[in-house]
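Each of the next two complexes has subunit A plus one other chain: subunit B in the first, subunit C in the second.
Entry: the complex of A and B
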């Protein structure tokens, strides 16, 4: 009964979102919503590894960068259309995540040390991209401008195609999250998050589960990176792959509620428009970065479970107990 | 609940938030332009045999060493220092023995911050500084701590020296763009193979 109501709510919500571009052609509103969906999407992808499996990664910028650069380079060097490039990027990011995660998880790196490991990996990759001729060094990669085309994934004046593409990505990502959350695999991940030793003692293959979660999370993040590449048509390591990109990815989840499906969405709907308004009001990145830092600190200190997590704790769980 | 009682991952995120705030307040007030402190001795060098040693860097070295020495004396010879070491070793027992653990955390956090600030001062005399200058050093500091065994400050000191040498050699042999890559790879290897660090100690969490 409850599940149905939730599903109806989501369907209604997404129908409204689908109608919005029909009602308005304001580039500002569409741009803001695109960014809202974009960060919801990335945060949901991060959430699969951090929220479900409990492995807090602060290095998702690496997967993001791999997705973005692979798509861009394949298009520039071989002319492969971005839609296929995205898939290659996602596969590469998965492989990279597996390569990094296997030794990390195999040697039992957790918690604080996992944060440091992911941070270091992302930083190594950023510095290699800054050094590597293939990735355009610090100059970055600029796309040649093509006429608007769905196949080439480039649109210039009209924002509507980007809007629908990222909205579909977001819905797919929510669907994947939902399926994982309600599968046996998802339960295994939650068990690992809550108590890894206990999970292992009931014969859950914790290493394998964590690896699969990392690979899925990395692939989805890489797709987000590819969207970013097609959206901005310009890539450089210092804006695409820094620690702050990783923070942007995890912040909506932290605000909304780590480990929930609705959390990242709510977090991004609150944070991203705020960031845009502040950027317009102040005319620079500075003010909204400050707010972002303040929000991060407040959330971590006062509402560590995020909005959704807190609501569940105070309203929904007690109701269940009463019944 | 005070932040110190949260899990370490939450504390890490908290400090990252603080970093965002401070960096951007600095940009707001003083802009993001790189600056340098220009002193009379900025370009002075002295030679020792075949070695050319820039005076500002040498001064930074001397001050850093002196400060490390003072810190060592503080941690080993004073009551507060002993309390810090006791808390690091076993906070529960320290509490039982009447040490105000939260005060110790506050003191050591403040002390660490102050030392980092001195390091920032020293850097400004030979290195162009901008609001993001700390990021590079921050990661190197993490590496030094883990390499030198968490909680073992002598280990961190030695690890810091090793890292500095490795970094400069990488810059010299490979490329200055890759100078931090090799230390980071060493860091990853140590994390994987000897997570308690090179100099003994214990794991947190």
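Entry: the complex of A and C
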């Protein structure tokens, strides 16, 4: 198999990322990078439904919460190791996404109405978790501290294993995203995004494609939620399932470039360290949100297609014309 | 058995009857023009046949099978369709537009050659001119090898030399047995290409006869020029 320049760049990039923990033992740098990978991963998962299929969801916090709570509750109540709990969480999130998406897509809910529907569903689920004994109501649930163990997915003294786990998750998510983008199914999703009626006119089963995209996106997001549960060891609906979680998931894609594989990565590399630096420098939770809001406004005003989308528009598409 | 049979089709928007009790039959291998003044219901009729709109009443049969409740993507297996304003997949390249339909690169390249877009196969569809997008849309429909092709103003924005080529392609495919139903505003072009014309006015069929008789039909003249 011949690799193109882009593939070599990614391989080199990820080799450097694998080496970083060897070069530094700064807990701060590792924590920031873990969060960068984490939000890149989540945004890539969101991007499969929104970027490829054009279905802009602002309710991914629901899938995130399902993944986080399922993994935690299965461990706490049945002793099932988190690695298996992650799979159950992903399956549940997929089923939930299918249950919500089928009537939504079947009855042609699109655009702003789809955005509002996903927002409402996530909020309803958050409310249910807030008043449900099983999920610990508003108090949330807390993991018992276990000795450092790969199988129990807990590492207290050294954050490096979390770093490598989320980095591997990110690479897998990028790989899945790449495979989808370059498959017939991926072309179907892009066709639906560009023009759903035209897609139907060339025999694309738009309902089925959108449902599959929603299920994959939800499953991957749930895996991210499970990682969060293992990383923080504490879950509550007001930090795990709010609208802000959904926004944090989609923001890197919006800034980096929706519908591209590199966009979410670039967006997260810009946004996440900025948030941390502002938090550390000024300590105020509000300030970093204001700054991020300003960054988002600037991006929307100047480069509405995101950084990668703009590069494609100005440098890659015109290049084709010259040939 | 006619290939397409439309019986008493009605479609209303609010108080307007866009298609009003329309009935006609199309035999396999025909090349039919669908003409009429603006707002006469031509595009709505194509939308009903291709399944994008559901009729209020009436029936549509394709090769003897009732297709009223069949979704558009299922009808697309045998009824191809192009749109009045071309609807190519703008975020994809020209070649990807065809590969999204069927993953057959050889066939895609043959069709691009047929419509004269080979040179632009790596180009993003959004960079094409309006006429080129019409040609791409036509090639995309052909990827599915449909038995009936509905074309909504296929020559709008296409250069005269490309029009000649497109007419030749349509005639060749028609000789191979593909049925065409073409909405066209350019009368001379419609008369040159088609053998039979259905004329719509205010949602109703006012003429359905050989092309040679259309210019002498007083109802058609009245619809276009007024009383």
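One rule holds for everything that comes next: the second predicted complex is superposed on the first by the 320 of 323 C-alpha atoms of A that agree within 3 Å, B and C clash if a C-alpha of one lies under 4 Å from a C-alpha of the other, contacts with A are read in each partner's own complex, and residues count from 1 in each chain.
One rule holds in what follows: contacts are C-beta pairs under 8 Å (C-beta built on N, C-alpha and C of every residue); 3 or more make two chains touch, one makes a residue touch a chain.
As the structure is a computational prediction, the values presented were derived from the model and not from experiment.
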{"item": "Fit or clash between subunit C and subunit B when superposed on subunit A", "value": "fit"}
{"item": "Contacts of A:252 with subunit B and subunit C, given as first, second, both or neither", "value": "neither"}
{"item": "Contacts of A:131 with subunit B and subunit C, given as first, second, both or neither", "value": "first"}
{"item": "Chain touching more of subunit A, residue-wise (subunit B, subunit C)", "value": "B"}
{"item": "First (subunit B), second (subunit C), both or neither touched by A:200", "value": "second"}
{"item": "Touched partner set for A:59, first subunit B, second subunit C, both or neither", "value": "neither"}
{"item": "Subunit A-centred angle between subunit C and subunit B, computed on Cα centres after superposition, in steps of 10 °", "value": "80"}
{"item": "Partner chain in contact with A:140 - subunit B first, subunit C second, else both or neither", "value": "neither"}
{"item": "Partner chain(s) touched by A:110 [first = subunit B, second = subunit C, both, neither]", "value": "first"}
{"item": "Distance of closest approach, subunit C and subunit B, by C-alpha atoms in Å", "value": "12"}
{"item": "Interfacial residue positions of subunit C with respect to subunit A in the complex", "value": "50-52, 71-74, 76-77, 80-81, 83, 87-93, 96, 99-101, 103, 122-124, 126-127, 140-141, 143-144"}
{"item": "Residues of subunit A defined as touching subunit C within the complex", "value": "184, 187-188, 190-191, 193-195, 197-206, 259, 317, 320-321, 323"}
{"item": "Touch list for subunit B against partner subunit A, complex", "value": "3, 6-10, 12-14, 16-25, 27-28, 135, 139, 142-143, 146, 175, 177-178, 180-181, 184-185, 187-188, 191-193, 195, 203-205"}
{"item": "Partner subunit B, residues of subunit A touching it in the complex", "value": "56, 58, 103-104, 107, 109-113, 115-117, 119-121, 123-124, 127-128, 130-131, 243-244, 247, 254, 285-287, 289-290, 292-297, 300-301, 304"}
